[in-house]
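Take a look at these structures.
You will see two complexes here that share chain A, one where it goes with chain B and one where it goes with chain C.
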Partner chain A sequence: MSDKKKITVSIMDGPFENARTVTALRLIDIAARRGYDITVFAYEGAVSLAFAKQTPHANAVHGRDAAEEDHPLPREWVASLIQTASANGGSLDWINCGLCVDERGMSEAVPGIRRGSPADLWKAADASDGTLTIGTR
Partner chain B sequence: MPKRILQIIDTPYRCTLEEQDDPAIWITHAMRGAGGEFGLLLRGSAVNYAVKGQDAAGLTIGGRKQTQPPRLENDLARLMEKDVPVYVVQEDVEERGLSAGELLPGVHSVNRTGVAALFGEFDAIWHW
Partner chain C sequence: MAQYTFIASRDPFESRESEHTMSLAGDLRRSGHEVTVYLVQNAVFGARKSSASSGLAKLAREGVRILADSFSLKERGIDHLRLEAGIEPAELDLVVDHLAEGGRVIWH
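Moving on, here comes the complex of A and B:
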């Protein structure tokens, strides 16, 4: 029996606000390294995770310039996860909820992101071995 | 046969004024339209969504008046019209001083001890 799984993850939180975001990305990372076929439905604030214009900055409190601070950017993590999934024989289909993109003005995403709707979440979940929804609080 | 999914909401009014709805209820409507099959369980303070007669109209910030306030009662009623059963946890209703007569007709009450059995009626549980 194949170990390859299909999973769907739905997330709602934007970047830099709470631990749920990194927890979700870590779980997706594990699945990507295992070569799973992953669908991520980024809903509401989560559409900001792949926003192309996220920019690193220096940190005077830490005493570091921008290069030294090496501030992680979720858009880099998302782009890298897509590559990691592919490199391990799987896939990551990252879907931004279209209406959520519109109301937030988050129309510029890193390459590999597509616009979708709740129907995409439903179809992906129906075809998946398991689905995880991480709502916001 | 599509999977039957129980949606659980326990944190209400997170962004209902900005979004003019509850996002978990809204997405349930949308996925139902795409052919999905769902139930909705309201727990904790979210049982308040099932109260009749809520009126969030009148919000004005600066000069910007909100013309389409959230109408959660209507959203739940329309879900039930689409054959999505809506459940509330009875103890959560009572703890908040609400009575059955204050709730929308058609909402099903389930005791806390009955929630596990309710889960068993669905293929998957999505907790928003």
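Moving on, here comes the complex of A and C:
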């Protein structure tokens, strides 16, 4: 194993549902800023995090249009994390579980996302310094 | 001696899962391992001096490092002066440190 640090994170929660998503993305952001090589294995609802058709919306209750609402979109966070890792000399290999994608019709993802299987998670974990699994409870 | 880091995310007033985390952390510490419990999200409610924090204080006295995510504390308006003795605020970077060092990091 080289000196460069490599970590793997697997996540299960879909977007807009649980604080676990924010914590997971915070962890990935820290590793990305350090220039680590990161593998993310997103399965079940988490394959929706990078769904390309997430759309900002207005908030009629608060009288704000879409621009004023500035609705946060996880797909933008994922794309940003990929850029951050690259800009710091590392990488973020984001793998969406292919079966989970097909079940949910989530095949349109932001650039940089690839399909994979649990075998990819096993390979990434085997090659990593550390692995964290954040399951839905 | 192995390094274990448990990440606890649930409010102890809402779920009894945290008791299992504490029990396992204590057992590992008594077996001679280096153990850290990192409280994040609503689990930091248990870091305040309260009926729920006595178990954490006991673990700290036994040598388990108990840390509370600074961001989660700030989100919930919990000042570090309100924390139970032996519990310290810490940045999430520590979890990434432990992952990169090959520690066993467990989201419990």
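As a convention for this text, the second predicted complex is superposed on the first by the 133 of 137 C-alpha atoms of A that agree within 3 Å, B and C clash if a C-alpha of one lies under 4 Å from a C-alpha of the other, contacts with A are read in each partner's own complex, and residues count from 1 in each chain.
Everything that follows uses one rule, which is that a contact is a pair of C-beta atoms (placed from the backbone, for glycine too) under 8 Å apart; a residue touches a chain by one contact, two chains touch by 3 or more.
Everything quoted here is computed from the prediction, not taken from an experiment.
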First (chain B), second (chain C), both or neither touched by A:R26: second
First (chain B), second (chain C), both or neither: which does A:K123 touch? first
Where does A:R115 make contact in the superposed view: on chain B (first), on chain C (second), on both, or on neither? neither
Give one of first, second, both or neither to describe whether A:H71 is in contact with chain B, with chain C, with both, or with none. neither
Touch check for A:E44: first (chain B), second (chain C), both, or neither? first
Regarding the shared-chain residue A:R104, is it in contact with chain B (first), chain C (second), both, or neither? neither
After lining up the shared chain so the two structures overlap, which partner does A:T133 touch, if you call chain B first and chain C second: first, second, both or neither? both
After lining up the shared chain so the two structures overlap, which partner does A:Y36 touch, if you call chain B first and chain C second: first, second, both or neither? second
Which residues form the common part of the chain A surface touched by chain B and by chain C? 131, 133, 135, 137
Considering only the defined contacts, which chain A positions touch chain B in the complex? 10, 12, 43-44, 117-119, 121-123, 125-126, 131, 133, 135-137
Write out the stretch or stretches of chain A touching chain C in their complex. 5, 7, 19-20, 23, 26-27, 30-31, 34, 36, 129-135, 137
Residues of chain B defined as touching chain A within the complex: 2-3, 5, 11, 14-15, 23-24, 27, 30-31, 33-36, 124, 126-128
In their shared complex, at which residues does chain C touch chain A? 7, 9-10, 17, 40-42, 71, 92-93, 95-96, 98-103, 105, 107
